[in-house]
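Heads up, the next two complexes both have chain A, just with different partners, chain B and then chain C.
Now for the complex of A and B:
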């Protein structure tokens, strides 16, 4: 069946995927939740929901979530004249829940796949910490979309200030997205081949871009790779959104890796990524904090290889 | 020693033949399942022997300008791999031989002491 919400289609732009996978449910859910006990009557719930303008309310047994009462449950009770029953008798017990650490894409999938209008959100200790509605997704995602588009617009303007003829490319990198890793380096390689750069230099540049992409896929929460190709050199700027490298010196030593077995099974985590990038670079700068890592690499083009970039 | 010679000695299934698989001589072999170790190679006219059957195998081979990839241990290529092999004009062969046996056979062939 065709999906109503157009995500994960072949043509979904990377920026959008990055937004919905890069933000967690915790960031967008409503945390001020009104809950009720199992003994409250349907009549009292009706008054509560009307007063607070809410369309669904979780039912708790002490700290444990045991059900949800929605407007639909109220209507059914009203129709059957059972408004003095305790909520326990009418609540939905088949709960579909989300976890606060899941990416927003999970919530969007749930709204696609289930007819519920809200999902309770639990933390790692399985305690109720929030509720998410499609309204939360709209409010938050429009806000981050505004931010991202503004950033891209500024970037495009900056692009206009680069030296005439430079080629500038930007690639979004999504956490754990092995499928798309390597697309940036392939494209950069194709551009350089068209401009007749020598094979050895292309190999260095493609290696650096590729290792930087893989690093972000494997180790970061997501990020971007910017490439600027001028007639003198290629500058690559890779920046991500964290969690940062704890010990940069250690990370730069050959064979050191924090990769998991899963990453190794994907062919990475040899502990050669950063050393490889350093090896092929003419300039290599790295800085890292908890909020992100930024690596700037410059690889010079041979003198006899002036490329026409106009 | 061409890709075709190697294919014959390892009884390979040829999932993609590139334009030079019968003509260009393979000069160096890189055998590894970790792609960063492959990227260290600086030689030309490489063949990559690996058990890693993901698209990243092809992307890595493309970056180091390899002539082709042989997947060992009877690994079957993932669907995206054949598409990428065509796109990058890389030979993509599979063999039932293990990594060790494959390398030993190719080594013998390289030194001219195969039958």
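Now for the complex of A and C:
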């Protein structure tokens, strides 16, 4: 079914999904909340809401949230001449609440699924800690989207050149996250199989992506892998946030490794990663400093199975 | 030779369902980058590396079965990953050398 807010698990760009899943409600909600007691009259609430220019206010019974008064409730009371009633007679009691640790995507779903304009936010102890409106989402998410798009634009300027029709994938790599290592290579492999690339070329590409992933998991503070599949070749850009390779020449020689014993005990750190990547690459560029290492690899597709990407 | 036929000879413990894939040769190694770089397609991997990353490497390298030696236990997340990638996982008390000989004989690659 068509949604009001166009966010779809399998169609929305990965960057956007990562942004709304990667930020928590806690980061974007309003924390300075004005609350009222159950005995306040509707008339006083009207004055309060006008003064503070807010459109909804939580009603508390000591520390417990028991309802919400919105402008709509005020209008109804005004129409019926019941402005001297206590708020508890008119407040909405069917509350839909969010929790501060939930990702922002939950809040977006709520605005999609419910007609409320604000949701109270509770902490783990079920105490009211904030309130979230669509305004909060717009302000915060436009800011992070600006930041992310600027980063991607810079990336494009730096030579990650893409043509229309290319398949582009980005994977975030987390330090020491062995559980997810192999995710990028496995997905790229699946894409290539779908496009009928031959087994040997797939193996080369999968090897390069996998070793680049593992290198970031084992040696870096975290980073990302970008893959661009065109009709001629596959370009892989692996960049991390440091701490950098001290001696690149040494790192490229087979058998040399700086991995710790426990990493070696899992079968990694054999000192074959970079040599393996070099062996399967048609182009291999590496640069490294304390702030990060960047490796760019190009593997050509054989003429007879160039793929239709568009 | 099919994995099923191979294990009828070896009689190791089969920890996953048995995919219908072919085994042509074997590769023995505990270094995953070495496996990635050198293991031949359609092989069985003989190793003591009993964890999920072994399956990732096997899948990328075109390995159809993994034999865990020295009774190494497969952790909880390894077998579902193997099922998903259609890679058979077998377990034996033999070490890598003895397993290699047994597999070599079964595949009639040595006497």
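FYI, the second predicted complex is superposed on the first by the 159 of 310 C-alpha atoms of A that agree within 3 Å, B and C clash if a C-alpha of one lies under 4 Å from a C-alpha of the other, contacts with A are read in each partner's own complex, and residues count from 1 in each chain.
Assume a contact is a pair of C-beta atoms (placed from the backbone, for glycine too) under 8 Å apart; a residue touches a chain by one contact, two chains touch by 3 or more.
The shown structure was predicted, so the numbers you read here are calculated from the model rather than taken from an experiment.
**Student:** With the two structures laid over each other on chain A, which partner does A:178 touch: chain B (first), chain C (second), both, or neither?
**Tutor:** In the superposed model, A:178 contacts both chain B and chain C.
**Student:** Look at A:186 in the shared chain and tell me whether it touches chain B only, chain C only, both, or neither; answer first, second, both or neither.
**Tutor:** A:186 contacts both chain B and chain C.
**Student:** Once chain A of both complexes is superposed, is A:255 in touch with chain B (first), chain C (second), both, or neither?
**Tutor:** In the superposition, A:255 contacts neither chain B nor chain C.
**Student:** Quick check for you: in the superposed arrangement, does A:210 touch first (chain B), second (chain C), both or neither?
**Tutor:** Both partners.
**Student:** Give one of first, second, both or neither to describe whether A:273 is in contact with chain B, with chain C, with both, or with none.
**Tutor:** both
**Student:** Quick check on the superposed pair: does A:13 touch chain B, chain C, both, or neither? Answer first, second, both or neither.
**Tutor:** neither
**Student:** Considering only the contact definition stated at the top, list the common interface residues of chain A for chain B and chain C.
**Tutor:** In chain A, positions 178-179, 181-182, 185-186, 189, 199, 203, 206-207, 210-211, 214, 266-268, 270-273, 276, 279 sit in both the chain B and chain C interfaces.
**Student:** Touching chain A in the complex: which residues of chain B?
**Tutor:** 33-37, 39-40, 44, 50, 52, 54-57, 59-60, 62-65, 80
**Student:** If we count contacts the way the header does, which residues on chain C are in touch with chain A in the complex?
**Tutor:** It comes out as residues 30-34, 36-37, 41, 47, 49, 51-54, 56-57, 59-62, 77.
**Student:** Enumerate the contact residues on chain A facing chain C in the complex.
**Tutor:** 178-179, 181-182, 185-186, 189, 199, 203, 206-207, 210-211, 214, 266-268, 270-273, 275-276, 279
**Student:** Inside the complex, what are the residues of chain A that reach chain B?
**Tutor:** 178-179, 181-182, 185-186, 189, 199, 203, 206-207, 210-211, 214, 264, 266-273, 276, 279
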